[in-house]
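Structures are listed in the sections that come next.
Each of the next two complexes has subunit A plus one other chain: subunit B in the first, subunit C in the second.
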Partner chain A sequence: MMLKSKRNELLAAAVLMAPFVIIYGVLFVYPTLRMVQLSFTNAPLIGDGKFVGLDNFIRLSRDRLFSTAVWDTIYFVLLSVIPSTIFGLIIALGVNRLKGWVQSVVLACFFLPYILPVSLVYRIWAWMLDKDFGIAQYAIAPFNGGVNISIFRTIPLFMPAVGLITVWWLIGFNVLLFIAGLRNISKELYEASALDGAGRWVQFTHITWPLIWPVTVLVLTIQFILQLKIFDQVYLFSDGGRADATMVMVQYIYKQAFQQNHGGLGAAASLVLFLVIVIFSVLQFQLLKTRGGEK
Partner chain B sequence: MIRGLLRTAAAATALLTISVFSAAQAADTLVWWDFLGGGDGVRMKALIDEFNKEHAGKIQIEATTLDWGTPFYTKVQTSTAVGQGPDIMTYHESRIPLGISTGSLSVITPEEMAASEIKASDFEPADWKAAQDADGKQYAIPLDIHSAILYYNKTLLKQAGLLGDDGKPKGFDGIANWDAALAKLTANGVSGLTFPTADNASTWRVFYTLLNQEDGVFFKDGKFLDGDNLDKATTAIAEMQKWVKNGWTPKQTEYAGSIAQFTSGKAAMMINGVWEVPTMVDLQKKGQLFDWGAIQIPTLYAHAATWADSHSFAIPDRKGNPLTPAKRKEVLDTIHWFNEHSLEWAGGGHLPAFNPVRDSDAFKNLKPNSDYASLAATAVFDPVTPLAGVASPVYDAAGNYAMPAVNGEMDPADAASQMRDDLQGQVQ
Partner chain C sequence: MNASVTTPSEELIVPARRSWVRTFDHIGFIATILTAAGAVIWAFPLYWGLVTSLKPDADVVKGSIVLYPSPFTLEAYTHALFQTSMGVWYVNSLITSVATTIIVLIMAAGAGYAISQLNFPGRRILWWMILASFMVPIQALIVTHFVLLSQFHLINTLAGVVGPQLIAPVTVIIYKQFFDSVPRELREAAVVDGANEFQLLFRIYLPVNWGITTALAIITFIAAWNNFLWPFLAVTSQDKMNVTVGITQVYDAFGVHYARDLATAILGGLPVAVVYLIFQRRVTQAIMLSAGIKG
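== the complex of A and B ==
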């Protein structure tokens, strides 16, 4: 009797889960396995190729452009993830102190860029920073000896500029997450500590910071995974220029697979990126969690 | 209630019957893909409308415009591989080697061309050959020749004494004369010449023009810039660098910025594609532009040569779902119709590829097109390799090496040899 009901339960579970498992298998697991398989062949973008063992990975390790892409991706992650988390928290702390409709308006201002599509973000900034006719050049030129400078064609300025634009674009989402986290902190804690004579700074370091830490970990992890997959902004701003000097990993995959018809090599590069994201995000999450737990 | 429903059902059935009936009677549909945006897109739509009107009840073109460049060619490749795709599509001649290597293009036989009155003798030999593979098999029929030209501000040239009585620039041929003219035109905050120095494609067009004027060969027998061609490439890049270094050409100028420099009178001359002619024509119509003209890029080295490409028509090689012979005939007839009507297409600045139209009196009266039509005879098309053509690795290499050199960030000789090594490494 027991056994029968358990079997029934299992059957019901299987029936209920089947649609998800099948869709997940067909649309995610199978293509991923095929991608892994593809990375060991010399296949073009469409069609089959010959098995070439580890050739693609050896080629990647020797390709100067691929190492540029790896370093530029890491550089970009540093330029975007940490600032967008820190400034996200600072803005959230400020917005959280406002009340009523003023708070809504200010929050909307910070959130507005987030809803823009990347193509529009590109248009806005390319127009503002245009070397000859950009309005921002009035502010930039004095720092360059009074001469206009092409931000996106000057290689050392490229990544910091794209990083800044990305922070501006996406910070609204971080602010939102932080505000949700700040509202979860009980007001009584602040009142009690105020009675004990704690100042703002002490309140921040002993109440806000430890209690907001789980949200900070979440924001960092989301941003980290998102920015490792950076493509759109870098592609758009470097299009027509010295694209190789500022190449990032997804852009390299796109170039190999879609422009050069090297499906196998593109798959190999994708696999490397996939592993990098898995390893780093697991590591980062574990590391930040334990550090937070010690506090 | 029920009666109302029944009535609706009856009406729907009737409607369905009518539409099925009319579909059976309707004309053949030609599915058409192109990548033509902006003014070109508007012009092509007008031509398609004219075609559909003329062929009402027989053939109707159903056109879709897709994203230019890599997305277009990737979509063609992926759809033809699974037997999908259009009946007819536009294709850059410079990308035909890629189309052949990915199996996206179907061969057009001499018999088929003859049946639709398409003749090789109606096209410039270099243009016709650019649509073939090494064995001389035809993969596309050209519609136009589009190239880079020299736009000039007549007022500024006249002030500098560089305008002939015929309203055309005088004394530009040869490096010494050209450089002297640029130096003379650069004064009072006006630059002698602008071109998009922050754009890889524009840099490539000027570079390839100069290289070919020196008889340089960019790619041959599997080798990039072989032998003394490397020195010729260096010479071409060094010349372009000199324009920027001497302040004759503004550095790091974006595409739109370069046009604005010319149209606002801040640059006396501009090198850009023929497709910007409508921009000038429209501005002048509104009374917002000075007196201007356009000519073939002057001969700075051994002989005349200008970079060129063609918008052409091709038939996709849809795997397992090829076009029927009757449909292919229809497509080729359509292509021929568009060539016969390419005078309207020339309004976009392009030169008609079809000689009878380019030689017609109507075209000769079309200004400024006929002023630079001479470039067709000495036009040089992109190197024949899947690595060359619009949005290709060769264009990227021009952006990665030649462009920084032009802007003074790299030595011309280094740029040329790095460009060669990079591209050579991509040959498989």
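== the complex of A and C ==
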């Protein structure tokens, strides 16, 4: 009897785990190992190549385009993560004060862009900022002596513009997390401090800020890791065929592997991105774990 | 709710000479105005895109700001629906997103249940693997996914679009956590009645967590619908494209038509916007769960 139920449990576990194990084996474990193997070869995108040792990594370290990709990725992360965290908190503080349907409508305004596909975000902002007919040119042109500017073809403006659009697009996520954090702060703390004569600013610096800090760290790390993997907006706004003046890491992988047919080099760049993100993810995991331990 | 409880006590405590501050809260009023203004600014690009898509071409490029479509026309939408491949792209998006959602949920519920409730060799290793795969950037695997799927002749097929999107460790993690918190008594009672593991999963564990399944299904669908990078790489023939890829990669041969481009993009985002507006609470719950905050 005991033995039979043990066997049934194993059988059930095998059946229930099978789809997961098969899919992860084929689409996750194998491609990861294959990426490592390919990065040491000179293979094209499709087909085999010879083992070339560390050649691909040496090429990467000397490739100016790759260093552009690394620096632009870091630049983009700074341009998108920091403003979206700061404004996310400010917006959450504002929305959290509102009540009832007004709160729902205002929150929906900030959140709706987040769930829309990148293609719609791209079309909308390409139209807003269009050189000839974009409505935003009315606000931008005066700074350029009254002449309209092609934002996405002006190199120094490209990354800041895409960063700003990304903040507009994704801030709803941060706002949501901050509101959840603000709602977890006990009302009694504010009431007690009000009795002691604390003003808004004192309440913010002594209650809200310290208690929302863990959420801030969570938002910062999630966004940081997410934005390292940036591709969609940067690719779409650069209109496919532009010069290599701006480039992010995933775009570099795409260019090398899919456009130049350098599968091995693309895999090497992938491995670099892979390691960078895994290192930061482990740090994030440790950070959140120690935070959990303090509680 | 809390406000109605606290107001009377505050009135008793606040000194009479400061009562005008209570009756008209200046800073609060300014904060509300700023928040509302922010919401309007945030919503404006979406509104402006919508208005433009409803204007005749001649009005779009007039160069003056008209905030409502007059005259109003659906020409851009009828063009998008009947003169482009939009219909095919819609069907492709629907098939790949629904298939992704169903497979991910079946796989995640089975694996989550097995890891949460069953004892089998390799259980701990699988759990660590899932937690670890959470950190791996799928973007780093694009090269080897492409190599793998072309070996199976799945490039330019809908199955090829679905494949790599099945890697969704968060879903397994969330299911496991929710199955962990199902009371043991429910399980023991059913086991006494002779239920096997599959009956336990489908008659108790899944129905008890029906809300989570709905929430996960909705965000998996939205994510699959919005996915750009992989469908963009896996498909080059127009008749296999998803909406998000089709609307950015296929251009009108006869010049730029802003209204038509916008109408096509808006149609592409419409399904997820509708899903979000109907299931707002579920969407926000699922997003917070995947960020590690219990909703």
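Convention: the second predicted complex is superposed on the first by the 249 of 295 C-alpha atoms of A that agree within 3 Å, B and C clash if a C-alpha of one lies under 4 Å from a C-alpha of the other, contacts with A are read in each partner's own complex, and residues count from 1 in each chain.
What we mean here is this: a residue touches a chain if its C-beta (ideal position, glycine included) is under 8 Å from a C-beta of that chain, and two chains touch if they have at least 3 such contacts.
Fair warning: this is a prediction, and the values are worked out from it, not measured in the lab.
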Superposition-derived comparison: subunit B or subunit C, residues of subunit A touched: C
Partner chain in contact with A:L45 - subunit B first, subunit C second, else both or neither: both
Contacts of A:Y30 with subunit B and subunit C, given as first, second, both or neither: second
Subunit B versus subunit C as contact partner of A:D244, first or second or both or neither: first
Which superposed partner A:E191 touches (first subunit B, second subunit C, both, neither): second
Which superposed partner A:F143 touches (first subunit B, second subunit C, both, neither): neither
Which superposed partner A:F258 touches (first subunit B, second subunit C, both, neither): both
Touched partner set for A:F133, first subunit B, second subunit C, both or neither: both
Which superposed partner A:W101 touches (first subunit B, second subunit C, both, neither): neither
Those residues of subunit A which subunit B touches in one complex and subunit C touches in the other: 45-46, 130, 132-133, 258
List of subunit B residues in touch with subunit A within their complex: 70, 74, 77-78, 81, 98, 101-102, 198-201, 250, 252-257, 260-261, 386, 391-393, 396, 399-400, 403-404, 407, 426
Residue ranges of subunit C in contact with subunit A within the complex: 2-3, 6, 10, 13, 27-28, 31-32, 34-36, 38-40, 42-43, 45-46, 48-49, 52, 60-61, 63, 65, 103, 106-108, 110-111, 113-115, 118-120, 123, 126, 129, 133-137, 139-148, 150, 163-164, 166-167, 172, 196-198, 201, 222, 225-226, 228-229, 233, 243-245, 247-248, 258, 261-262, 264-266, 268-269, 272-273, 276-277, 280, 283-284, 287-288, 291-293, 295
Of all residues in subunit A, those that touch subunit B in their complex: 44-47, 126, 130-133, 149-150, 153-154, 240-245, 255, 258-261
Complex contacts: residues of subunit A adjacent to subunit C: 8-10, 12-21, 23-24, 26-28, 30-32, 34-35, 38, 45-46, 91, 93-95, 97-99, 104-106, 108-113, 115-120, 122-125, 127-128, 130, 132-133, 135, 138, 168, 173, 176-177, 180-181, 187, 191, 194-195, 200, 218, 222, 228-229, 231-232, 236, 250, 253-254, 257-258, 263, 266-267, 270-271, 273-274, 277-278, 281-282, 285, 288
